[in-house]
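Going in written order, the chains are labelled A, B and C, and every chain counts its residues from 1.
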């Protein structure tokens, strides 16, 4: 039975010249606090500090990074607890066994790195997952998470988290954030993020109901275009008052372009009456997103953009399980032309700040680094989602640095609801950035002092600046 | 006169930490049998076991990897024997001299690696090609290929080939495959592959004649859409009965999308009467390709797709020499949207299996790895054609592994009619995969045991599984 | 205060196996003359040999590589002297201080490498730029450039420049080139380059005025399409007679496609009367560019193409400062389809030669290397502009070599008006090519002799051949 250990030098370059340099850089950043400006941890977990239920619903079911690869091996999502309520003990254990039995399929993926880090560093276990170790691992984890030391707040402390941003609906009352803020025993910082995507897609069936609700919570009359704008301004202010520093946006393309007011009003009215075409819906959405940018330039909420994902690619999976279960597939993206109107309008406005994320790596050297290397408002987002992984991180720094340097990159985001993986995710990034910097030192592009300074900046200064924390 | 040798550590990383690990991994796979599930060796060569005619018609004329680069140096294809029948001894020798005189142009290309491996490993020669060595090399090779040890069957044995797939027209009677199957002295496995591209392009001039012929060989009435479908089902069954496990498809784009039956019938009738537009032809082709996928989900032939090549780019070359002479140039490709209909229909069907090849490397991390990391039916094809080369192989593993792992990749295909290069091509791939895995071991992403297990899988398990061999 | 030094092994791989090989290769090329077949140094500098005015107007203001990154840090272009006439001593010093204060923002960029090389190698200084060293550096540089040793001609000699190509308007009388040619004390070679972009964009406001002027200088009647063609033929001949060997072209896309003559004449007439649509303007431009290729196949001027940049992306910057101030942002590009007509027409014509540059790196392995690996007329241009940088150079060789080898690449171009950075730019490229070749030697893809031969070719043979120097 394979013994599981974590080598202290993991991910650092094997080369005997590079490794000691990388180790010195990594040592300078490994213990720094975690700043997590974009993620999906439910704020209620920390507000209520309830114990996690069972290993599967903590580590498998909600994490599409994990479930999608089992699905690719032929395991039905249902067998992993997806789309169900609370799992029976038998179902939970069975799902955990499936994960362990297919552990070999994760070789070379970041999930393997994160999960093994969780086993060793978070749970103190030393068993490699396999069919033969599944029950022992399950029992050991189940035992741990029943203890106070594994409650969410205790882990937040232990992980050294300084800021944790959540992702929230504009109509959300942010009660969990309020509860945390009002709790004198709580010393962390959990900030909401304004995520209005669904309210900007006027051609989708749910839109009218959502906009009705938006009117209710804001007190604005969302029957008109002007009312929609007023409602959004109101909710953004509400979020800012509750600690939000950014809004987050994901649509099929990155375009933001204002319509003539009369045209915007006409399309808005058409959408409200349910009579808008798909093309008109796109045009109105690009106008509404431009409005968001205009608001950002005024209220200072950082705008983060991560477009170009074909959501819910497999229709039967969506029909059965809904969204966010691992069936989203990226597509090519274009930023240069798409952002020309908004950057001509706000690209040098002091209030405006735009962080651009991509899964299409081709834009890093071609578009994002050149944009961030000219516009003071633009930051290149860290590699995320499918490319939040060591090889991709190396390619990212290689592609972006020569045109944008280090200062115009966002710092790492973990983008996860897998709360226990947060330290491992940040750690992987710190190691890979140390590896990249070590190479620049070894071939005399940077001095060691410059690299040390930059390594710390990437962990601390950059996310604070990019996300205005 | 430069002496030609092959370093036993060639292509393994130079780093003193990595090389011993890579060597250990490579030693575990170097002697494994060759599985070649996609290629272009004429089955007649093995069926009839005729000696190869002369060095040029064996090594140069039919191999567009070789001829295209000489053409780029200004050598007319005619001077290399292209587009002619049998070569005179003088013409053959002259072409061989041209290759040797331009040998420097192949530096850094895989052709150099393959060809030098053939000289040393297959022919036992130790002369580096150059103007000064051309005649000696020519004579030595000519002498060898006249001997029984260099007949196709003897080389098949010597190369350790376990399976060799050919590429065949749906109307082919597969007589060479039958002859091999009926021959008690033959112990190899040569499987046909169903390649129906030309029958799916209704707007091309040749289509009606081809579809007539398809009707003849299948006995179906291809005057109607239903007849075309029946004919294809019949020929697929014929191929399967003769050992085929896959069908191979290459069109300008990757889209497969069913038309309403009446519309498909209408367009089919229009095409049969020679009155179909190019756009209609595309729409019908996408429907026919969807039908192919539907058949695949039923008969279990693996579907391999390699779209997005601008065929016969140089009109004068096509006019003089026809297709497949090195004038095909890749274009950008899109898979995510294009495959949505077919994967929503068959993506989780147990019978359906789809291997996606590309020359546009941008889709590896953006589309192919995410698709293969979700759909049980999808495999990422190995880098092929222009990117069947060491640097590209490294990029491939780097781009694909983090989202799809190793298990959802196809294993190597050599895609060649250069029979003598098959061992070298597989060897290069084994070396590069060993190099990649060695890096994961050296920086502690995999244990050595995991890497050894994976290295063997990539050579043996993956192609068997991806191609259902 | 950090001491600034240049390590002799900078940019060579740190690995102890690779570095000695790389060093041997680099030693073979470091002292070779500089061939600069594409750049933007004003010919007047050398014709008149006037001293440089001050450190800022020499090193900062005209160099958008430098200014754009300060702009991205929030520094207004105005504060760097952009868009102004001669700078006051105070303004010049203040701009230099801004650069030094933000020096950290250049970490990891090639600007840092070039600028530090200029300080050490050209000026003999050893102070790292910072807020604290700005004035000392400024004063030291100011003192040097006032001396005869820092006049343009003296530097040209000292840098070992063999050929320097400038970029010139078709209507230019090339008087500075004539002055140099007539000067018996001048032994260098400064060649003009024919850059007719603006004359090929019939839908732009300036076009009619430019074409009028073209008629004047050529004596052709540019009122008609035939006259435009005659005028261009005349000016190309004029340039060729003054030493030009190439014409340079940059448009939004790469397409060249002839119109039927009557249609070309109709669109030309419409454009001359100011009544051409944007789409018609594109069609006519593609015809005119095809005409340029036809002329090239006859007069032998090498055609260089570098399409796909969104010029003047930030409207307010363009309104205030005009073009070429760092606000150009690349977009995706397509070559395969776009060049099919012109390569079918001239791809194997002995007179025609086409060098293809890109900032969209995705085309290197997908399109450019396959094109250059088939067409004798096609060369892949070196990475330039945003990707004229070490990491990108490594990716370039990795992406291009396996399909095009080394012989079908252009050799380095510096593309700069930063005259003092020319040696550093070429040196960086020589180091990176040595590093790439060293890896091929270390893993036995090339012998050391082959690599040495190739290293020299890349510096000397390739640019001479690609640019017909």
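Please note the rule applied: a contact is a pair of C-beta atoms (placed from the backbone, for glycine too) under 8 Å apart; a residue touches a chain by one contact, two chains touch by 3 or more.
Here the structure is a predicted model, which is why all the values come from computation and not from measurement.
With rounding to the nearest 5, the Cα superposition of chain A on chain C corresponds to a rotation angle of 120 degrees. Although chain A and chain B share one sequence, what matters here is the overlap of their interface residues, and that overlap falls short of half of the numbers used.
Between the Cα centres of chain A and chain B there is a gap of 40 Å. Of all residues in chain C, those touching 2 or more other chains are 15-16, 362, listed in ascending order.
Put simply, chain C touches chain B in their complex at residues 15-18, 334, 336-337, 340, 343-344, 347-348, 362, 365-367, 369-376, 378, 397-399, 401-408, 439-440, 442-447, 449-450, 453-454. Note for the complex: chain B touches chain C at residues 2, 6-7, 9-16, 68-69, 71-74, 104-110, 112-113, 310, 313-316, 326-332, 359-362, 386-387, 389-392, 395.
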